[in-house]
């Protein structure tokens, strides 16, 4: 079992859990958290290079490193693992954000040990989700990732944290209720197997059932992907969550939604996707514009970012529903890009909040003068968010737009143009924040005594910025990575063009 | 005039309904117990009559009745004991008063 | 041609940006400034070399045996492949116009770098300033050498961002912050059009490449024939939308509102970005896509009309501004509109697309003399610490160099021979008259107005009445004066370049013929404008006031820029912000979130409502039990039997 | 009569031996040795549990002309109940040492063993006479157990409510049986089923009989609307009794219910009771949840939670066939561990401080982190959060239910799933009180008794291990499918 590299993505977090449980002081806790997440990052980078070399050597299975260990044999449930380029991208994203999140919670207070325990449990779920190709284990890890959220927000959060934590948990669980029904339905109508690859390759699900199961799974994952109108957990949840949790949640957890929508809803049920996409296109199209418009009038930094996440994640789902290679590639890029930059945003907001003790942009101003490093990072994050070339947002959005416009249907195109409008609205709210928060005269005299970023904060933000810029500058690398998932053979098998 | 099944079943049903009525309306717990006995007896009659008239070949109904009578006795014994208990504690066996735990 | 030098042209500014941006804080002001300037100087040399190679080497890569100048791709690397056909490549395209821009941009940029050493001395964030200048130079160079429309779009966005950063350089000033925001958002809105245009065009042509698009537009665009999107011909739609991007960058009506505000940035920045280089990107875009535009004459008509209206509008407004930088800004708008008009009237049948050549010629000369004027204005502002001409007057005595060079600039823009502006403007007017007399007369009037408003501020600054100066104004230091002198020299002689030899549509040499009638008319009109200005503003008098009073409404309207800002304010704040964003935010909280909370509340209410089922009375329990059992039986019986 | 057929009832005999030994120990041992009564009972019961796993026990056999039947499945469910009973008995040790209880300590264990015996009979009965005897043996001693805390008025009130409704429900059940007897002329499950099948058509009397039988057995399972006694009794009874009632008698009831519905009335499944069960499941889950939301008393809270859990158990009954039975048994097993963990914590706190209100649990994490952690695990498991066993049991019970494949079952499962959100809400309320609330803790730091900790460790091990260690469920499913 341990000869498979993928299993270590679960083993390392579990080890971390164990070590955290016995660690005595802050130093040890930090050491465990940083070492563990570095190990995960190293592992995922190694996996990436190895994967690329395998592909270059001609490996052409849809998933590599596949392995399957029987678990609940009578129900055909296996602990089946396997990755393709998308999963690897997500794994890298997760480990980067876990690492930077650990740095961002360098001084977490109170109960640092428990905080990291829950955080690592959450990431266990995340990593497990991305390496699974068995619907059951996937769902299990999915739920493992959801629940620590409640305590992380409830205990370490701020504001009306009780309400937010409860709302977030219940809404996400509501989504997973639909999801569970959908998955069980897939099992029974998809040849009594939970294995994604088998179902997809055989296209085993009866089309009439697809029409029922597709909405179930799509909505189920869509709730986590902040699809309109199931997005309202996002603003409150993010606003109340502590920094690292916002980072992980917006950066990684929301990606579980998009990834799941692709991997389960569309990958397994292409016919229904083709038939029903329009419903969800309307919803996600609304998400994109609606989130952006809502963000324009918010005054709480986290709310702005949460609504911006609604808009950006809406774009992910939107692109996935276009059902063509380019748009889906864009969706994956957008997932990565949004994950990184929103984590960057939340890290910065957390750092600013830690200093000024307010997140209301009306009560701050001129921070560029006081904390130039943080402010510059914030501007960079903003630029990434509004799609400046050279940063990740641009390549992702452009790929999505070009891909979506490939769809010849007027309806799809009109919605594509509508989605394009979001780039203007995004610019509006990003510049509004940047202008109010960072530029202009210093609003509060007390802020003048605040300090700039500390070394761990710099580590956290710079690492993210480097990633954002790397994706933005060398996007072609993705093509290599994602190529095989969307290769014509696979699309032919699952019935897409 | 033949005494048929129905001549037994109707009184049994009346007994049963009386029992239910009594059980639902009497405030005294002992009276409620008596109502329960009425119902149990109605069931016993049912069994015996069904056995006697419909399935005279075997004795299942009769046996069941015997056991039911025994069970009824046990039930009554325990119920009385508990009622005595509550009387000791509260000096009152009005069923309406035993309603402190609710909602 | 070897790709090293072209690559260096792009790499040096980028490297300088990264160097100054990351390590700038550790450097002294002087080091940073000198480094930046040296970097730009190197780029200047390299790009002159490249342009020289292109125009004069006779290399078959660049010029065919028939003497046609060719489009030549020096390098082109895949950057992002959307589909096998649609690939963003980053490359270096040399052709007549990009080679010309390779002269213009580094020249102006270098002048500005040099000038800023003096102008920005001692400003906080000096290193940052040079970093941004380098970023801008990189982006602008990348834009002009783009080999495909998407590369252009990428650098298009980058110049927008660097413009944003530079306008907002004095970030503690709220006006600068809001101006930078406005500039970015307005151009972003225009870019939306550009992007959608690209989407449409690329979908039908399946290419981004300029060469593919322009070398044989007829066949590439064949697939668009008859295709409609939402009722419009796709090609017209695409070209108009792409032009919309140009309208935003080049500040054409109605997307011009950001440019006057952009004057909040440091003056050298205005000279570089908002006068000479970035704002002409729109013109450059249309020129780049010109063969495609030619396929859709209606879109060229659109360019013409927008340009003509903008030209007149900006000229009128420029007559009534107090802030000298605003006057220059509106003058820029008006001059760019000239270029647009010129492109709009360019047709192969009219003097072999004279308009195209004229437009590029004007772009070239305008860059020189407008940069000169802005830098001159910078020197003035530096000297009197105010942007308003009311704080100036009689400065010719104190600032002789500035005075002379500014005068040369004014003469150039007014179109007085032998200064550069005369030649280029004359070509434009010839082209316009060739297309339609109506627009010819229209543009001639605008030319007259140009002369008038330029000399209006000239007289108001250097003559008029002398206010009380706290400090005696004086010319700037050498690094500031040197660029003025160089640019003045260029503005004086640039007109004599045989531009038709170098830049024409399709690269064929074109011999410029002076049309003396048109030239005579335009010079006459310009002289009228100048003398009218002299009449009004030479000495302090109340004629200007009386004139303004005589048609007060017009003067106020022009002074307030015909209320465009108010209209935009109304649309953005009242309609979009209060009418869309707020309701949506409210809807989200109240309705969407409310319904989610509502579910919770309903559940709670239901929980409370049924609590009496559990009354605590055992007889009720039993009753419910019985009812339950009977109901089960009855309902089932009713259904089954 | 062939007395050797008693040897078919190996587990029953074993249990009787345990009962007698405990009884003899309690009666004849010197007073100073009586302190160990609890542990003796636990030890003996543990041996009985182990005995249940002997291969010979799970052999199929029947006795008394088919009135009694044992096979691998019944042996297994009895083993599950044994495990639960052992844990309950361990948890009761501390409680039984209280002054007011200590003199009757032996009785408590004896009564528990007796009721367990009754449940054995319920499970193995294939004739209604034996079933009724088992049912009454299982429920009458419980009344005495509920009344065990003589010093608490609630205990008396709970006992009265329990005995009155219990007797009433058995009256209803027997009335239904008399109808069945009248219709079919037999009380053997198989003969009744045969007669109903032979009849072909369905009569009003049969429907009434089915409804009454469902009511009578549903009472044990506390299905809505036959559940109303549950909360009051759970609240009033001593905590070990409550935990016993909530898991053991519910588990036994569920299995007996399954046997009766399918073996007796299987022929009229879709005609008569499919929709009844649908309605009952929806009602049970929903009403249980709605009531649980508001509860402040932890025992009462868990009472309503157990009502809604019963609804989920019923899904396994609908599924029936191999998977359903296995899922039901697995669910009961997991439920035993989860619920007993919760009751273990409640009992420990009640014994130490006498507090049972959720408000008193505020800030428990600060004073008693381990108890709080155990409670949280229990809540997560009950709510069905992975990787705890509750997740797996819920998943499997839904999976088995859906195996039926009709649209109605999808809707039913969806309703059940949506209800899990409400249940998650109130389970999280407990977690919130313990972990998130920033009020000053009410409950001081204390050390729980060794027995309590032991029981909790077992439960925590079960909660964590039962799901991830797949052999439990796999074994159950294998066993069921070979037995069927």
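As written, the chain order gives the labels A, B, C and D, with residue 1 at the start of each chain.
What we mean here is this: a residue touches a chain if its C-beta (ideal position, glycine included) is under 8 Å from a C-beta of that chain, and two chains touch if they have at least 3 such contacts.
Being a predicted model, the structure only gives us computed values, none of them experimental.
Student: Between B-C and B-D, flag the pair that has more C-beta pairs in contact.
Tutor: B-D
Student: Using mean CA coordinates as chain centres, what's the chain A-chain B distance in Å?
Tutor: The mean C-alpha positions of chain A and chain B differ by 65 Å.
Student: Averaging only over C-alpha atoms, locate the centres of chain B and chain C and give their separation in whole Å.
Tutor: 97
Student: Taking each chain's centre as the mean of its CA atoms, how far is chain B from chain D in angstrom?
Tutor: Whole-Å distance between the two chain centres: 27.
Student: If you average the CA atoms of chain A and of chain D, how many Å lie between those two points?
Tutor: It comes to 42 Å between the two C-alpha centres.
Student: Could you list the positions in chain A whose residues touch two or more of the other chains?
Tutor: Each of 170 in chain A touches at least two other chains.
Student: Could you list the positions in chain C whose residues touch two or more of the other chains?
Tutor: 611, 614, 616, 618, 622, 626
Student: What residues in chain B touch two or more of the other chains?
Tutor: 23, 32, 95, 98-103
Student: Could you list each pair of chains that touch, in label order?
Tutor: Here the touching pairs of chains are A-C, A-D, B-C, B-D, C-D.
Student: Where on chain B is chain D touching in the complex?
Tutor: 16, 19, 23, 29, 32, 36, 39-40, 42-43, 46-47, 50-51, 54-55, 58, 60-61, 63-64, 67-68, 71, 74-75, 78-79, 81-83, 85-86, 89-90, 95, 98-103
Student: Could you list, by residue number, the parts of chain C that touch chain D in their complex?
Tutor: Per the stated touch rule, the residues are 603-604, 606-608, 610-611, 613-614, 616, 618, 620-622, 624-630, 632-633, 635-637, 639-641.
Student: Any idea which chain C residues touch chain A in the complex?
Tutor: Interface residues on chain C, with respect to chain A: 78-83, 86, 88, 150, 154-155, 157-158, 161, 164, 168, 171-174, 177-178, 180-181, 184-185, 188-189, 191-192, 195-196, 199-200, 202-203, 229-230, 577, 580-582, 584-585, 588, 592-593, 595-597, 600.
Student: Please output the residues of chain A touching chain D within their complex, sorted ascending.
Tutor: Result: residues 71-75, 77, 136, 140-141, 143-144, 147, 150-151, 154-155, 161-162, 165-166, 169-170, 173-174, 177-178, 180-181, 184-185, 187-188, 212 of chain A touch chain D.
Student: Considering only the defined contacts, which chain D positions touch chain B in the complex?
Tutor: Touch list, chain D to chain B: 128-129, 132-133, 136, 140, 143-144, 147, 150, 153-154, 156-161, 163-164, 167-168, 170-171, 174-175, 177-179, 181-182, 185-187, 231-232, 235-236, 294, 300.
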